[in-house]
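Mind looking over this structure? Questions follow.
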C-alpha cells in the first residue's frame, strides 16, 4: 500500500497591498502547482494576504507614536482580511476548483487587533482551521497581536495517493510561522500532536533559515515545507520605506526567498529557491516518518517524560 | 482610632544612565520626603533605575534589526539591575535608614530578557516583592519581556499612624506601571485583592493621564499615587536620540511629569506637578476607602458576579 | 473610502413626569439634531422617559417603608412605560420620520418591577434592542431591579456616510447607564463585543464624570457619547423633594448636565455642555478606532488572556 | 431509638453597637439556654453582632449621598466583624465551653462590602459554615452586598439525643435571614438539600411574620426556629434616628420581637415571644419530619419535576 | 385613575352529588354576590361541581380493590362533568346573565380519568380556560389524575372599575387548588406570569390554612381569594362514610370552611368565614400590588436569577 | 568593559581503548590549545575516555545474547573509568597545569552500569560537575544506562578576559551529548538555566549535524562548541568490527569529525573540521549573547509561558 502525496511550496509575495491582485496570484500559482506538477497541497508564505510591511516603523519610537504611524497602521489594518470574508470565499473557491489543499499566510483582522495567521483550506471541507502566530518578532510586536492556545491545530486531511489513485492517504498538517519555528516548546507540542507535514510559512530569507528547517525535519521526523516570500521594491506601494531611500530601485530585493521542502531524515527534496517567484514540488513518501522515528522520536521513545514534562494550557 | 499615613510621589528621572548617580538621587529625594514632609512612603517613576530610552528605536524596522541596535540594546541591558544585586542593597539601605517604604520603578535583568519592574522595599523587612509590567507598549515590546502572574503582589505594609504615633496602621499596596493602568482586568484583580494604595509609576506625561488616574481612584475607591519621570535632554547620554536632532537643547523636555496623588473619591490631594523634579506629599486618611465603598465597591456589592467572573490563572 | 457619521448627545430632562410632554420633547430635539446638525444618531439621557426622582427617599428607612412611600412608588410605577407600548410606537415614529437612530433612557415597567433601561431604535428596523442597567446605585436600589445578562446588546447599525452619501457605514453601539460605567468587567465585555459608539446615558453631573468618560474612550478606543439630564426644580412636579425645601426655586438646578462626545484617543469633540438643555453634535471618523487600537487594544493585542479571563454567564 | 434534641431561639439585640457588650450578651444568654433549659442549639437574631441600623438612611436620597452618611457608614463598617476575627474566636469559645451549637446573625465585613450573615459554630468543630443573605430589602441595599451561591450551606451537626443520652442524633441545619424567607426558590433549594432545622434569624416583628413561619414549617415539613431582635431606643447609640425624634424615649420599642419555634406540621412549640429579651426552648422530635412528609414532600413525591425544574448555579 | 374591582369568595358545597341542584346553588349564590355586594368576580370551592368525597376509601387497600369500591368510583365518575357539556353551558349562562366572572372548582371527566379542575368563565367571552390540579393529595390519588403544564393559565380579564364605571380595569387571574398551594415552584410560576388575583379553591379547613393564605399574599404581592367548602353530613348522600358512623348526624360538619380574601400586603379584607355557607366580598385596589412590589417582587427585583432559575417544561 | 574568552574544540579519538595513551592525547592536545591558541577552555568529544565502540553489536539479537558478546562488554566495561579515579586525577592535573577548563566525554562506570558522561574540570576548582547522557541512541541502549535529572548541571566558571587580563569573566557552561541535542525539552531546560557556552561532545559526523548545531546556536542565543571524534580503523583494536570486513584498511575513516564553534547569531566562528585530528579555537564575545537575545529569548520575552510550561522533575 503506497502512501505518497505531491506537495508544493509557493514562493511569491503580496501584490503591492492589492487584495484582488494578490488573490489572483494565489489562483494563478495554485493552478500552476496543480497543472504543471500534479500537486495536492500548496503552502503560501507568511503574510501573503495582507502583506509584510518590511522596513516600516509605523512611526513608533520608545514612548511615542506619530499620527502618520497611526494612519499607516490604519491602511495596513484595512488591507487585512477577516475570517470569514469574501477573500476567504475566493480562496475556498480556488481550493475547490483545483482540488489543492491550501495553507496560506494571511494578516487576519479581528476587532481592533491584527494577527499573523495561517489558514488551512480543504478542497472538500473548505476552511478547516487556522493558526495565529504566537509571538511576533521585534517590530512586528507593534502591529500584530499574539495568538492563543486555541489556534494551534493539527489538521488531519485526506488526499488521494499520488502513486496509487485508488488509495486514500491521510496526513496531519500543522503551521508554524517564521520565528515561531525557534520556539522549542511549540515544536514539541506539534510533534506530540503527530504533525507529519510541518508547514513553515515565513519571510525569513537568511541563509541560516535553511539550518533551522533541516534541524526541525530531523528533530521532529516530519516533512518540513517552508514557503518564503520573494519580494522586490516594485512589489510594495511607491511610498513604502526601503533600506536605502536614496537608491530606490524597483528590482532591489526586499525579501530573498529560500523556500524548501525537506524529508524527515533531513534530505532536501526541493529547493531552496533563491532566484524569484516560483513553485517547488516534491513527492512525499509518508512512510519515511516511521522510518525516521525508528531511532528518534522525541515525543516517544526518545523522550524523558520522567524529567521533562511539557504542560500545555488551553491547547 | 486614627488611620492616617503620609505618602509621597517623587518626580525625577534617571541620571544619564548612571546607576550610581541615579541611586544618589533616590537617596537624596527619599531623605527630602522624610525630612521636609514627614513621609512614610515614596513612589518613584517607571524605569527610574535603568532608564527609559525615550525616542530610541534600537535599530528595529519590521523584518530587520541592525548591529548598532543590538549594541544599543547591550548597553541598555548592562544598565539594568538584577534582583538581588548591590543596587538593591543600596535601595534597602536608604529605606532602612530613612524609615520610608519605597516603591521604585526599575529595569530588571533576568537572563537574556529585561523587564520593566516595580520593587517594594520595606524599612524593616527589606525587599518584600516586585511587580513586572505585564504588557509593554509599542516599541517597548522590542526591549522588555512580559511579566507573569507570579509578580502581581498586593503587599500589606505596616506604618505608624501619621496622626497618632502610638497606633499602627496597615495598608495594602500594589503597583501598576504606565499603560498597564488601561488594562481593566488587571485593575479588577488588584481591587479584588484589596489594594488601598494603588501606585502607578509611569512615563506617560500626556494631560489625558490625569483623567485615567482620577478614574481609577473613583473606580477602585483607592488612593492613586502616580509618579512620572520629568526628564530633559541633558538627563540622557549625549548621543541619545531626540525628537528633533537638528535642535538639540539640554533643556528640552523629554518627559514632562504630571505626578499626582488622588483620594478614593477622586479628589486631587497633591499635584499634578508639571514644572520639574520634585516631591509631592499628602496625608492619606485610609478611612476614606470605606467611606467611598459605601456607594461603589466594584468587587463587592457593586459587582455582578452572576454575569461577570474574572478568572485568573497563576496569580 | 470615507467612514464618517454625525452623532448627537441630547441634554434635556423629563417634563414633570408627563409622558406626552416628554415625548414631545424627544421629537422636538430629535428634529433639531437632524435639521440643524444633520445628525444621524441621537443619545438621550438616563431615565428621560419616566423620570429620575432625584432627592426622593420613597419613604424608606432601614427596616421600614411608609404608606406614602408606597404611593410615591405607585405614581412612579405608572409613569414608567412597557415594551412594547404606545410610547414606544411614538419613539419609533420619530426615528422613522427623521431618519435618526435613537438611544433613549427610559424607565421600563415589567410586571411589578421597574428597570432603568436604554432602548435602541433604528429608523428602518424600529426597536432593535434594549439594555437594562445592571446595578442601581444607592437609593436607586429601592426602586429599580437589576438587569440581566440577556440585555447587554451590542447593536450593529447602518448609516449613510456623512461625508460620502453613496457609501454605507456600519457601526456597533452599546449603552451603559450612569455608574455602570464604573464596572470594569461590564466595560470589558462591551469592548470584547466590538463596541465602537459607547453610549453613556447618565444623570451624574459631577465634574469627575468627565474624567471617567475620557478614560473610557482611551481605554476602550471607542467614541463615548454621554448624555446627561439637565433639570431644574420646575421640571419636577410641585411636591417633589428638593435639596432645600425652605428655598424652593423653580430655577434651582437639580441635575447639572455635562453631556459630552469624546474620540477614541481621548479628544473632546463636543461639550461638556453645562449651561442647560441643548444638542451637541460631532462628526465621528470611525477610522480613528483602528488608529487608536494601533497601540492599545485591551481585548486584543494588549490583553493578557493567559492570566486574566473574563467569564460571562448568560450573555 | 429516640431522636430528640432541645433547641432555643434567643430574642435579644445588639448592645448599642458595642462589640464587647454584645458578645457578653451572647455568652450570658447561651449559658442561660444551657443551664436553665438544657439546650443544645441556640439561634440568635439577624445582625445581632454588628447591629441593625433601624431608621437610618445613611444620608442617601435618589441621586445623592451626604458626607455625614458616608461617616455613618464608616462607623457601621467598623462595627462589623471579619471571618475569622477575635470576635469569632470568642463565639467559638462560648460554644465550646457550653456545648451549645450556635447560629448567629452577624454583620460581616469583607473588603469594602458588608454582608448580613449567619454563622454556624459547632462546640467541637468550631466555625463550620456561613450564610450570607442573598437579597437585602429596601434601604438595606444601601449598606449590604448580596450573598452568593457559595454561602448556602446545609450543615449536618451531631447532637446527643436529649431523651436518651447514649444515642447520637444527626440533624441538618440551614439559615435564611429575614425576607429571604419570602424567596420561594431559595426555600425550595434548602428543602432539596434536606434541611431539618430551618433557622430564620430576623428583625421582622410584624404579626404577619408568624403566618410566614408557620407556612414554611408546613410547606417544608421542617422545624422552623425564628429568632427576632427585641430592641428599644436605649439599645441604640444616643444619636441614632428614631421614628419620632420629638419624643425620644429610652423605653420605646424599635424592634418588637416575635421569636418562635414551630413543628413540621405547623404546631407552635414555643412563642411567639413579644414582651422583651428572652430565651425560648423546645424539644424537637426529629421523627416528626418523616411523619409530615408522608403526605407532602414538595421536593419529593409532591413535586412535579416534569414541569418545574429548579436550576441552581454555583450552589 | 382608579383601579378597583369587587370580588367574592363563595363558601358552599355540592348538593349531595346532584348536578342540577349544585348548579342551582351556583346560580343562586352568584346572583347574591352580584345583587347584594355588587361583585364582579366570584370564586367557588374545589370540587364544587362533582363533589369532594370526603371520608371515602373507594374500597382500596394496598394490593387490593373491592368491587364495591369500583361501583363507588363509577357513581363518582358519572357525577363529574365534561368540557364542554350542558353543565358548562349553564355556568356560562349564569356568568353572562349576572355579568360576574366565575372561577369554579369542578370534577372534570376526560375519557376514563377524572381531574380536579378549576374553570374560568367570562361574562362576555364565555369559557376562557381551565386549570387541572397538578398533584392530588394522599387518597385523592386513587380517583384523580394529575394535571399537566398545558392547564396553568393566567387569564387576563376585563372589568369595569368598581369605583369609576367609565374606566376599564384589567386583571390577571390564576387558580391553585388546595395543597397545590404548598408547591413553591408552581406559585413562582404563577407569580412570574403576573398573577394579580390568585384564586385558591380548597377543601382544607384547618386553621393552619389561614397562615398559608396570608403567606402567599405577602410572598406573591397578590390578592388571594380562597373559597372553601362548608359541608355537613346532610350534604352528602345517605350512605356516604363519615368520621363516626355510630353517630351520624346531619348537622355534623364535614368540611368547616374558612374562605378568606387577603390583600397583597397581607391584610385580611374579608373572612375567614367559619360559620356556614356564605358569600364574602371585598373591594380590591389593584394598585396595592405595585405598592407591595415596591419592596418585594420575588420574580423581579427580589429574585436571584443568577443562582436560581425555574425551568418550566410545556407551560 | 570587555567580556571575551578563547575556547577550543578538540577533534580526536580514543587510542585503541588504551586509557594511558588516551590521557596522553588529552594532555598533548590541551597543551596545544593553550600554547598555540591561548585557549582557556577545551571541549573533547563524546566517549573520548573509554571509547565509542562503533560497529559493535555485542552479540545481541532480539531474544538472544551470545557469550562472546558478553565478553566484549566486559572489555568495554573495564576500559571505562570511575569518578573519582586516578584517571580523573590525571585530567585535573592537566587542567590545573595548563589553566585550561576542560569538558571531556568519558565512559563512566558506576556499579554494573556504564554511562556516557561529560565531565567539567576547572583549573582551580578541579572536578566541578558531570552530565550523564539522558538517552542513548539505538544500539547504545545495549551498553549505556540513562542519565538522570541530577546530572544536568549548568556550571558557572571564572575566566580571565582574553582581551583585558585584569578583568574576570564569568560564563555558564553546559554539556549535551550527541543526539541528546535533538531533545527540545532538554535544550529548553539548559536555556532556562542560562547556558552561555553550550558544549556538544558527539560522534555524529553526518553533514546534517552542522544544521542542528547552527540551529541550536540561533535558538538558544548561545555559543555552541561541538567536538566530534575523528577516528580511523587504526584507532580501534585489531579485532574491532568494521563496515567492510573484507576490506580492512587502517586509514579508513570510522568517524569523520565535523567539530565546529558557532556564535549566538549563527555565525560559524571555526570549523567545521573534516580532515582529521585537530584543535579549533575561537574568541567568544560573551556580549553577543545579549545582542542576540535582543530579538529572541526563547526562555524570556519570546516564550509563551501561559501556554507552554516545562515541568522538570528532580533537576
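For reference, chains read A, B, C, D, E and F in written order, and residue numbers begin at 1 within each chain.
By our rule, a contact is a pair of C-beta atoms (placed from the backbone, for glycine too) under 8 Å apart; a residue touches a chain by one contact, two chains touch by 3 or more.
Which chain is which protein? Per UniProt: A, B, C, D, E, F = CN hydrolase domain-containing protein.
These numbers were taken from a predicted model, which means no experiment stands behind them.
Shared contacts of chain E and chain F, meaning chains that touch the two of them, come down to B, C.
Note: the chain lying farthest from chain B is E, by mean C-alpha position.
Two chain pairs are in question, C-E and B-E; the one with more C-beta pairs in contact is C-E.
To find the repeat of D-E among C-F, B-C or C-E, check which pair has over half of the same contact pairs by residue number; it is B-C. Chain centre most remote from that of chain D: F (centre = mean of CA atoms). In terms of their C-alpha centroids, the spacing between chain A and chain F amounts to 36 Å.
Chain geometry summary: the mean Cα position of chain B and that of chain F are 47 Å apart.
Rounded to a whole number, the gap between the C-alpha centres of chain A and chain B is 41 angstrom.
Shared contact sites, meaning residues of chain A that touch two or more other chains, fall at 58, 60, 65, 138, 142-143, 146, 148, 313-314.
Of all possible chain pairings, those that touch are A-B, A-C, A-F, B-C, B-D, B-E, B-F, C-D, C-E, C-F, D-E. Here chain C touches chain A in the complex through residues 192, 194, 221, 287, 289-295, 297, 299-301, 305-306, going by the rule given at the top. Per the touch definition, chain B reaches chain A in the complex via residues 52-58, 60-65, 136, 138-143, 203, 241, 243, 255, 313. Taken in their complex, chain D has these residues touching chain E: 134-135, 137-138, 146, 148-149, 152, 179, 182-189, 191, 206, 208, 210-212, 214-216, 218-219, 266, 295-296, 298, 302-304, 306-315. Listed in rising order, the residues of chain C touching chain E in the complex are 58, 60, 65, 69-71, 73-74, 77-78, 110-113, 142-146, 148, 313. Residues of chain B touching chain E in their complex: 304-307.
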